[in-house]
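Pasting the structures here.
Two complexes follow with chain A in common, the first pairing it with chain B and the second with chain C.
And now, the complex of A and B:
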């Protein structure tokens, strides 16, 4: 009973928040509504017994990803209304048909999978976090290490892309100056 | 009244549809990133629900890797977006035609 109430409450809240994110013309409303929606999403993980996933959702999405977006929005003109243009109706039609086919596939999937059995069954005796750790560091060790390398690459890439020449406005420079900046900046940096 | 797997899959597809609407109607690249985050979250809900109702931990594992991929995507994407904004002053998708594609 409580599970049903919680499910419908958080489902309504999540849908409303994400609809605001998609439909609003203000960037600040969009980022705030999305942060709220991410927290409401984590409620589903707690209802489903995936405690560790819920905690990760809050830490990574509303902690790291939202902070990164807020940091990125400092660079952009967020007070200006976002202008949207109508897209080609044929593209929208094709994408809509593809999405409908995919939804049908999602709903058919549980029917097909009635005869499958769990590879890593959930053991009620041990907690969710412990079970996750045991599966993650045995069966999924190689993907885990690959994800770690991927995050390292992303971190270095983000630093190189966003942190370089932060004191210069590339908007006000000509194309040739940007091209020759790499040569001219190095002696100056060594001077002081 | 019991919440079944179908409830969660319906919710997941509704959230996915919202994200898809966002991807199709947004021309601002920052808003496009928001819509992709919604898409990834919708799949995470479906993975966690199937993991719970099938009694298998693999679904949660896939959700973890999706979260890791989303975090990397944001870091690289925002870095590229900042460089592009510093060069052109705009983040509109329609004006990214320097390759004449």
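And now, the complex of A and C:
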């Protein structure tokens, strides 16, 4: 009974949070609601007995991904409402409904055809962290390594893009040196 | 799931909340006294014996102060931000075993709210969410200084989470479990079995990162004192500001518990002596937080980032690799 109560509670909360994220025109509401929604999703993992994934969901999505969104939001005035430019609401509506129908179909199809089997059922003898480790390093080793390589590429790319003039510290430079440095900076692509 | 379990859990939650809220208040008293003695002052002396009731006076002041919500702030976010800080600090406590289990009138009590098998991961994750308190508070404040402080504290939290995670990885590889109870039981053999002897580097790294995670001096850039304002808390008054404070102090206590359990043997074999030793260890780490505040100045933000990414992180990665090689052969 507790699991049912917890499931419906967190399902409702998650839907409300992500609805706020989509509907609001205030950027701070959106980011707070989305962070909260991500935490509520972790509740489903805990209900299903997947403690490890639940904790990882909190750390990765709320702790890291959302925090990066928040970093991006530092650069504009978050106390003002965002005015969106809606050129064609019909297309947005049709695409939204289509996407929703597709997601429902994807998840309902295996249930309707009674075709769900747990390929790696929970083994009570080994913990769930160990079970994930075994699956990751046997069946999913190639995708796992591929993801690692892609992250490494992204990291190196990030360092190369951001690393120009990293050896110079604006704090330690003299005033005129900073001025002369500005001249040498090329205008940024995209800009205004 | 029976009724006794639910009642027991609720009772434990209430007890932990009460004890650590009170300790957070008392923590401010200890901090002022310790700082005062180190600076050859007396600290609070006038309210009650040795100024002990100063805590109550401060509490009454905070509770009865007007709750000012400035113009132009994003009201709901501004109001909820301090609650996030305090709530996440206490949520992290759910997976910390504060004491060994003991028996009262034939009923065995486990002084841990939820003994999940990913305890340490959960504690770190929830502490990581604590970042949203300063972040949202600063961004909703409609104040440039608050915003700068929020950006700075977010950068520090995210960077030092990497150090916390990597430094803990090496001890966890040795223990082979993420449960804080298992980590404690791994070191049950006494002082020679403590992880700190086999993982001294990880211990120091985690300890340094703990200062950044709780925003204490010398990494007190969350509220940069040189700006003569209170960082993200500038626009806050009364109890909302007090909640930030409670969150910070509760976090100091909980991270002290985590250091003591992971590296210094925790409550040992579970006897009363072991439990008492755990309290002593936690008290020492809490005292150390206050000690550094009296002894060290704050570092610059760029120095802090340099320390994190160019010194601590390579050491942490090396430590993990060396631990792996040693364990393999």
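Operating definition for what follows: the second predicted complex is superposed on the first by the 128 of 192 C-alpha atoms of A that agree within 3 Å, B and C clash if a C-alpha of one lies under 4 Å from a C-alpha of the other, contacts with A are read in each partner's own complex, and residues count from 1 in each chain.
Following the convention adopted for this analysis, a contact is a pair of C-beta atoms (placed from the backbone, for glycine too) under 8 Å apart; a residue touches a chain by one contact, two chains touch by 3 or more.
The model shown is predicted, which means the values in this text are computed figures rather than measured ones.
Of the two partner chains, chain B is the only one that A:161 touches; chain C does not reach it. In the superposition on chain A, A:73 makes contact with both chain B and chain C.
When the two structures are aligned on the shared chain, A:39 is found in touch with chain C, with no touch to chain B. Measured by the number of chain A residues touched, the leading partner among chain B and chain C is B.
In the superposed model, A:13 makes contact with neither chain B nor chain C.
Within the superposed three-chain model, A:51 lies in touch with chain C and out of touch with chain B [touch as defined at top]. In the superposed model, A:92 makes contact with chain B only, not with chain C.
Applying the stated contact rule after C-alpha superposition, one finds that A:64 touches each of chain B and chain C.
Note: residues 31, 52, 56, 64, 71, 73, 169, 171 of chain A belong to the chain B contact set and to the chain C contact set alike, using the contact criterion stated above. By the touch rule above, chain A contacts chain C in their complex via residues 2, 26, 28-29, 31-32, 35, 39, 46, 51-52, 54-56, 58-59, 62-64, 67, 70-71, 73-74, 78-79, 127-129, 169, 171.
Across the complex, chain A is touched by residues 1, 72-74, 76-77, 80, 116-118, 121-122, 124-126, 128-129, 131-132, 135-136, 139-140, 142, 147, 150-151, 154-155, 157-158, 161, 177-178, 300, 302 of chain C. Note for the complex: chain A touches chain B at residues 1, 3-4, 7, 11, 14-15, 18-19, 21-22, 27, 30-31, 34, 37-38, 41, 44-45, 48-50, 52-53, 56-57, 60-61, 64-65, 68-69, 71-73, 75-76, 82-85, 87, 91-92, 95, 99, 103, 106-107, 110, 113, 116, 118-122, 131-132, 135-136, 140, 143, 147, 150-151, 153-155, 157-162, 169-171, 178. The part of chain B that touches chain A in the complex is made up of residues 1-3, 5-9, 11-22, 24-28, 30-31, 33-35, 37-38, 41, 44-46, 48-52, 54-58, 60-61, 63-65, 67-76, 78-83, 85-89, 91-92, 94.
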